[in-house]
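Lettered A, B, C, D, E and F in written order, each chain numbered from 1.
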Amino acid sequence: MTIIDLANPSRFLAFTARVLPWLVAATVCAFAVGLYLAALAPDDYQQGATVKIMFIHVPNAWLAMFCWTVMTVAALGTLVWRHPLADVAAKAAAPLGAAFTFLCLLTGSLWGRPMWGTYWVWDGRLTSVLVLFLMYLGVLALWRTVEDPSRAARAVAILTLVGAINLPIIKFSVDWWATLHQPASVLRLGGPTIHRSILVPLLVMGLAFMLLFLTLHLAAMRNEILRRRVRTLRLMQAQAGA
Amino acid sequence: MILDLGPYAGFIVVAYAAALAVVAALIAWIVADHRAQQRTLKDLEARGIGRRSAAKEVA
Amino acid sequence: MRLTASALTCVRSGREVFAGLDFSLVAGEALLVLGRNGAGKSSLLRVVAGLVRIAAGKLLLEGAAAELTLPEQSHYVGHQDAVKPALTVQENLAFWAQFLGGEAAAATDAALAAALDALDLAGLATLPAAYLSAGQRRRLALARLVAVRRPIWLLDEPTSALDAATQERLAGLMRGHLAGGGIILAATHGPIGLAATQELRLAGAAPSAGPPGPGDAA
Amino acid sequence: MRLTASALTCVRSGREVFAGLDFSLVAGEALLVLGRNGAGKSSLLRVVAGLVRIAAGKLLLEGAAAELTLPEQSHYVGHQDAVKPALTVQENLAFWAQFLGGEAAAATDAALAAALDALDLAGLATLPAAYLSAGQRRRLALARLVAVRRPIWLLDEPTSALDAATQERLAGLMRGHLAGGGIILAATHGPIGLAATQELRLAGAAPSAGPPGPGDAA
Amino acid sequence: MTNVAALLMRDMRLAVRLGGGAPIGVLFFLIVVTLMPFALGPDLALLRRIGPAILWLGALLASLLALDRLFAADHEDGSLDLILMSRLPLEVTVAVKALAHWLTTGLPLVIAVPVLALFLDLEPRAMAAVALTLLVGTPALTCIGAMGAALAVTLRRGGLILAVLVLPLTIPVLIFGVAAANAAVVGPMPFGPPFTILCALSLISFVIGPFAAAAALRHGLD
Amino acid sequence: MTNVAALLMRDMRLAVRLGGGAPIGVLFFLIVVTLMPFALGPDLALLRRIGPAILWLGALLASLLALDRLFAADHEDGSLDLILMSRLPLEVTVAVKALAHWLTTGLPLVIAVPVLALFLDLEPRAMAAVALTLLVGTPALTCIGAMGAALAVTLRRGGLILAVLVLPLTIPVLIFGVAAANAAVVGPMPFGPPFTILCALSLISFVIGPFAAAAALRHGLD
């Protein structure tokens, strides 16, 4: 409504315009290095070359959870401070999160075939991630079916907050239920337990994917802001036409 | 250089390919979307619904 | 008691309905909200009732029960009647009396009977509301005003579907309420039988809320 | 074309609403149905629309498209607007135009635009009906009358929620319809701006549907 | 023709706008299937055995969820009055509305089966069979439900009637549907017999459903 | 107090008069159970083993049936406006409505368990345990559902999308409900731990549900 609400988005647009190129560059470099290291990384003594799947599986898994975290923060922004940018951030993050979760599931089950002898088992970790994926789809559906963005934003925000309980479930499912899936070996108290030769490329790939997320998220937010501007203008036009 | 991916090369390749595909799709979508929005914005403003009125924006 | 609105602005799903509205009512005063369809009459009442968020401006109620918010001291009779077809007339009114009145109006059947009488529904008390005619439903909705005593009445086209006799009754009730130091905001297209009142004519919008027209208090 | 009712009686869920009603209308004539709330105005219209079974008496339409029944040649605008909030104004009207009009009015967008214009809804065409104000909804319901051409109009308090300007528009439409040889039955509590018309005053039952009062044609 | 098309389009549009349409339907069944392992444990063999039953229950639930509003919504906003007054035979109207309902709730399930089959790891043949039974059976559920929906609108105690009279009617469909699906998935009995019975049941309900519903609406007049 | 009582009475009265959710829910529940033998064949041992899980799945799905009307009905006839304006804190209002809903749809399921236990021939102890878990768990389902219902009404949505939003959130309840029931029926693990977790989950959702729902209604304003 007020000039401020407009100012923020437009100042944000200027900001993205400046930052995006650098982010893209950084992402590309990170991936170059990461993939190179991943290629050089030695095979795991028990998992053989398939350990290479880890270099995409794990970063995607982390991002899957990170995206929902971002959405949760944005949700607070929407409900508490009613900040329009929060709505935009939440909406832009949802499809990315869905995509990364999908990749986590896919690469995971591709890894599972050789390691566990099956693509899919209904263990705590796998299923809780599947639930995360479903909730992403639910959120996407909500965004898609509600025409009025601010109304949708508030609804999605509440859903996101409640859905956040799934994150700890995912994180600790491996410890709570007896599962096939490895327990945390990187993000754990008392430091990582993986050998450096694998840990380093993993972390670099993690960084690369994180940069990728930031880039895409900024770009998506920019699109969303433009989309809302279009919507507003359309309304103006309808009113002018009346 | 040629990597020796062992017996499960297929799975690894598919995993990496899939990741590449999905990320590519995301990028493509975002770029296309950006183009589309820009275009509509342009011709809306061309039709004289000025930026000023967009100050009424309710994000 | 004084109800003041200053620079009140209403935005509904991104569209500005009215902006910069000012009025001020003291006990015993009524405000007729006028304007073409889509001018924002109902929106204004809903804003006052706290059912639509205030986009900008202020709404202030002074000199009334301090611990209660404005909506909690207001009766709202909107376009919809809030009548459950599955319940009888009596049950419908009794529920709202108890729910809105709390301890106060707690189920004093006398009060209910009086309220039903006041709108000439006594004969229908035991009828399922599903059988009511449009006007009878409307009367049942209006009966809330009598059943539970609240200082501020927000009436959205209260006379719609009422026959001449009942319109007269309603006018009587409203006059009584004002005489008792109440405040009435009524949106209407025609006369509703109130003598001296303020008028607020919403310039409203082109059929689809165009540039906001500042309402001017008469 | 001639519409005759003889000794018409209506019983709703066991309660006699009116009995022994007679009237007769020829093309170009309008019948104003008057009476207090609960008198049976809506019931009469619903009987004519074939929505309430005829308990006794006869209802006859002569000199119209023979292969069509009376309801199939009538427009009914009741207390409810038959508007779907989830659809846009345009979609709502388009649906009824195609559904009621069949091949005839098949989606001639021009006709739709004209109908929307006739009720000053053009500016709202793309708006979801959920956003409409009461009067705008009512206008959308009335737009059906224009979008699809049918000889008999059954209007239940058509002016409710309409602002003065639109009431005038509607009166114009009705006069046009009559001039074109149509027939109108309108239930109303106030004047609706039709000049020479028959009036049917329903004595109606005591509020607590007592012994049925026989309606007498004026 | 126009009016049939118009009604179909409108009902489907409403379903999509209000309920989210086919994608949501698929999502729904995905979730229902995901629920099973939580209840039954990760035993895939077991899941495979009762998978079809769960899918059928999901189908029943889905059609029930949307069904009770099939006519109620139109009744409450007055649309039903105009529909009753129209030139379209009421039976046709009912059939069209039922079709729209099935297209938005039943069909998605059929489409979703392949995905779900993956989770229950059914082999292609079995999957095809399950999908086939659902394709044949779900319309029957809708038609039977339509009958109940019509009663629900016209009688004050409709909900009760819907439950007590109509739901039991769906049991045979469910039983033979599940039986056929199971025969295909785990055997040993042949797929044919139960499936033919299922087809028969569906055909019957296609005929009876709309007529009964139309009758209910007509006699519910007033 | 009067207003709470009034609201509770009114909602229950409506539920009974309209006969919507409760009977349908129970019947759906029944159908779920009767269907299982056809899905699994006459293998009673297996039936007994997964009996509790089936009952829980049934309860979960059944409790969805009436939910989408929890606020929608009041929204459509304008009652919700008055409820929002009342002096009763919105959270309390939601809780009361949820309670009324549970009393008319959840409780009947619990009561129905003994009957169904016969089908799955559970011995009394097991049956009691299952009933107990449902008694503790179904209110949680209702509270979580209430949130979905509130979202649905502010978005003018209903039907499947509601289920899609709510079901994933109910999974923890389902897991521990079944775990507890199983522990009691087949063992070997003790009944206590999962049951206490179930109670904890219920308590949490009693708190979160009403607050989230109230928030949804408030933010849905306009």
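Here is the rule we use: contacts are C-beta pairs under 8 Å (C-beta built on N, C-alpha and C of every residue); 3 or more make two chains touch, one makes a residue touch a chain.
It should be emphasised that the depicted structure is a prediction, and the values quoted were computed from it without experimental measurement.
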Request  = Figure out the least number of contact steps between chain B and chain E, where 1 means they touch directly.
outcome  = 2
Query = So which one's got more C-beta contacts, A-B or A-C?
reply = A-B
Ask   = Can we say the copies chain C and chain D touch using the same residue numbers, with more than half in common, or are the two sides different?
value = same
Remark   = Rotating chain E onto its identical copy chain F by a Cα superposition takes an angle, to the nearest 5 degrees, of 175
Message = Taking each chain's centre as the mean of its C-alpha atoms, which one ends up farthest from the centre of chain E?
response = C
Note = Farthest chain from chain D by C-alpha centroid distance is chain A
Request  = Report the inter-chain centroid distance for chain A and chain E in whole angstrom, where each centroid is the mean of the CA atoms.
outcome  = 36
Remark   = chain D and chain F have mean C-alpha positions lying a whole-number Å distance apart equal to 45
Inquiry  = Could you work out how far the Cα centre of chain A sits from that of chain F, in whole Å?
reply    = 32
Request  = Mark out which residues of chain B touch at least two other chains, giving numbers and ranges.
outcome  = 56, 58
Key: Residues within chain D bordering two or more other chains   = 12-13, 79, 86, 122-124, 127
Task = Would you give the residues of chain A that are in contact with at least 2 other chains, written as numbers and ranges?
result = 1, 131, 134, 137-138, 141, 145, 149-151, 232, 238-240, 242
Inquiry  = Give the list of chain A residues in touch with chain F in this complex.
reply    = 79, 131, 134-135, 137-138, 141-142, 145-146, 151-152, 154-155, 157-159, 161-163, 165-166, 169
Interface residues, chain A side, partner chain E - complex = 119-123, 127, 130-131, 134, 137-138, 141, 144-145
Remark   = Touching chain D in the complex, chain F uses residues 156
Ask   = Mind pulling up the chain E residues that touch chain F in the complex?
value = 15, 18-20, 24-25, 27-28, 31-32, 34-36, 38-41, 46, 49-50, 52-54, 56-58, 60-62, 64-66, 68-69, 76, 105, 156-164, 167-168, 170-171, 174-175, 178-179, 182
Key: chain E - residues contacting chain D, complex   = 1-3, 5-7, 9-10, 13-14, 17-18, 76-79, 81-88, 221-222
